[in-house]
């Protein structure tokens, strides 16, 4: 049997394959390791970490919608200290790149997190979450503000030599402008997209179903939007893109790569099938073999627009 | 049996009930009149009309997605002249408010359309489409540009005394800013939302499935997003809102009204069930009776946020 | 045009992978013509979201027949229906074949599942006209002969009948009918229709007395003219598209650009 | 924890609207404890998108039982499964009831479908402990007695047994057991659990020897701790939420804020 080179590069970060598990949909890796060998993955992106632990939003945090779900977790996380003491050692046992996602409500907090984590060998890259829409005191504002995103990128860049991935919000007019600003300020890559702002009401109580009122929409419902954002970035900015949003099978992965993604993230799908990466890897391999594609990275941005 | 007052007002426009059929999903009313009596509707919004006929995009124009569909019709329409000569006379036979949706690629074109149509008695209001995402030479730019939307509103306002509804794009950071600018420039109401920009690729040919590359996403997939936009506008701007996006049943209509909509539009659903308004009307009526709601307009913005 | 729930009364697999569904629907049966189609809601909820268009395959008393293969989600659901299950039908839709004009010989040309509309057309024609049919497929398993009379077969790989495409076969055979007036009814993949168009043009230029109507396909949302989702280029006016669902799906082959 | 496809071997409606599904799944049957739950993918595709959590209702040899009513889309699909259909199960999940600690009398308190976990718990307890059960519902039709031993019934409308809520009934009856050590196992709507919490506090303050574990519910996405979607307030630390799916669904009633 022929072999396919599934490895891809995100800037200087080399991944064995393009499959990353998305932040917030895999915790810190321990629960999902009951289902799959983490070493088969391209990488794992940990739940957004903030300087101090965050309790997160009151229940209800989850609402199912047509082919999607709203979440308003509120960035519940164990905080930097416990992350380093309790979570990193577990991840260190694996031979898989760990990307640490960071959420913060000030530029200083981002920088401090990066500085503290910079010495952790296990952590190969940072994904900077400027876009989480469900935290009242941060997320939305940063992610929708071009100059803020530029500043955060710049400051974080000067704090580390590790790979920096800026995770972009889709809740903007032109996402490519944001990708451009990230590139100009030294980011190695961008992730697109985080969730879209949505809500749902209980028509009996007239209350929002989520305690936070607004939540982030994820799942297959948003795939066409995520693909459009990836394509928009790819056509306008020369920066590696990590595609994320509604990926449910290997066909979706190929579609994202064709549209411009160098790697992809699996999010909501982890909740439904934590072993999905296994069958996706097989599907990617077979697709490439059938078409004589030697290296999957050739697919990135290989769209034909007439 | 008790009766419920289902009528609602959009500025000075009085509708017998809150159900409008959305622009582009009902043509000019003739085909759908084979299925339902148009007179039971709150109103009909005609397919976007431009000064000259538009051929529209090449096939393929439609792609189904998870709980949604992408369309890139390209504003195919018969043009102002044929609209007045062939389409309006048909609609004039009915006793239902006709709202004429206008698309244009310059402010002057908007104004000219409104001026020409202003004398048509059948037309009770204008819905100004500044947001159609699939026309390269117009749509996207206008709808995402705050000052442009302000100017269009102002100019159209000065050309007519009829009700003006500005149809807003969801592909922006803060839709409420746009609603505010519409209000300040004299619009009577806003419609929210038009479709979201999306795309899809054929993984065998690597070509976009739509000839236009990008299309507009509609259907139940976008409902949570549309609801969030309606709520955002309602909490920030005092202007009547017509809710649209993913409505599939009467429960969805109630949800939109609770979130702030004075009336709603049925779009994609018309393709699947052109008689849907009938069962929706019944559902609205029953909901109000069960809860002793005398007038459905009381529901508008009746959310309880703790 | 109406929307109606009608029960499945029989489901059979007429050959490997090709399903025939018999639905009792007097309302549709009485009003539909060959070449028209139905837009079917395959499930109760909104998954898949859109209806799926199917040609009317045949009509027998109060019953209608659909012929399909399992292509994707919608047809998979349809193939799993049990007897007694209700199917939500919107139709009859579009303009069918005109088979009442003047001609001596009816020629049916079907490629693959393009066979679907012809059992009904043949039923309508059979006591009144001579019928010659040409049925094509990539290989033997794709050739659908079901209730198409007097047929010759072409397969691309030669596993059944003539080796080559069905339009070639038609062109070879039709030379025997130079002095007859011929009406061709075509349905099949776009490639076949293009070849047919060229062939008909050529034959006409050679003074054959030949007319041709074809059934076309497109992605559709509504199926009845309100979404503008199904354009096909008008051959006579570059500024105009026909709508396949409303102006078609059957067109005179000279009226559209394939 | 594993993901497995297991066949439905029996489906019955044990009373109007209450379904019992027997699934042959030795892998799950051998590893699951009362009060744990399973996260079920009710359809093949992704509609509905998320799995649906169900308590383990009972275990018999290699078979497991689920008990449910038709609530929405997911349970409607589940109720329509035929014998032989495969169910995709993720589990066993969460922490179940601790029934091996010291106590004299096991008290089961179930409200409505809160009865679901108790056939299995009762099976595990039956030869070792005295069991008294209290079953509540709004009216007679909502009372689910299925395989819950030694039960007294309360209905809000008085149509069956004691008129009032099941916690009141429990409180009245338990007064007969002052000098016994009691362990209460509760499951039901949040209102019932709140009342139970108050009742247990009151009885404790009156020096009853009483412990209580309850099974809680929440919307869930993953069911195994990776989404953080199912918080419940820690009673001892205002800065901390437990996760119902992982730290629960069974909690000591004093450890959570209902």
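We just call them A, B, C and D in the order they show up, numbering each chain from 1.
Quick note on the criterion: a contact is a pair of C-beta atoms (placed from the backbone, for glycine too) under 8 Å apart; a residue touches a chain by one contact, two chains touch by 3 or more.
On a predicted model such as this, the values are computed, not experimentally measured, just so you know.
Engineer: For the interfaces B-C and C-D, which has the higher count of C-beta pairs in contact?
Structural biologist: Of B-C and C-D, more C-beta pairs in contact link B-C.
Engineer: With chain centres set to the mean of the C-alpha atoms, which chain is at the far end from subunit A?
Structural biologist: C
Engineer: Approximately how many whole Å separate the CA-defined centres of subunit A and subunit D?
Structural biologist: Computed value for the inter-centroid distance: 36 Å.
Engineer: Take the average of all CA coordinates in subunit A, do the same for subunit B, and state the distance between these two points in whole angstrom.
Structural biologist: Centre separation, subunit A to subunit B: 34 Å.
Engineer: Cα centroid separation between subunit C and subunit D, in whole Å?
Structural biologist: Measuring from centre to centre gives 56 Å for this pair.
Engineer: So which bits of subunit B are touching at least two other chains?
Structural biologist: Those would be 63, 66-68, 219-220.
Engineer: Name the residues of subunit D that each touch 2 or more other chains.
Structural biologist: In subunit D, 46-47 touch at least two other chains.
Engineer: Using the touch definition up top, name the residues of subunit C that touch subunit D in the complex.
Structural biologist: 45, 47, 73
Engineer: Would you pull the subunit A residues touching subunit D in the complex into a rising list?
Structural biologist: Going by the criterion above, the answer is residues 24-27, 31-32, 34-35, 47, 53, 55-64, 67-69, 71, 73, 76, 219-220, 248, 268, 270-275.
Engineer: Can you check the complex and tell me which residues of subunit C touch subunit B?
Structural biologist: 1-3, 41, 46-51, 90, 218-232, 239-241, 246
Engineer: What residues on subunit A touch subunit B, complex-wise?
Structural biologist: It is residues 63, 65-68, 70, 144, 171-174, 196-201, 203, 205-208, 213-215, 217, 219-225, 227-228, 231, 246, 251, 254-255, 258-259, 287, 302-306 of subunit A that touch subunit B.
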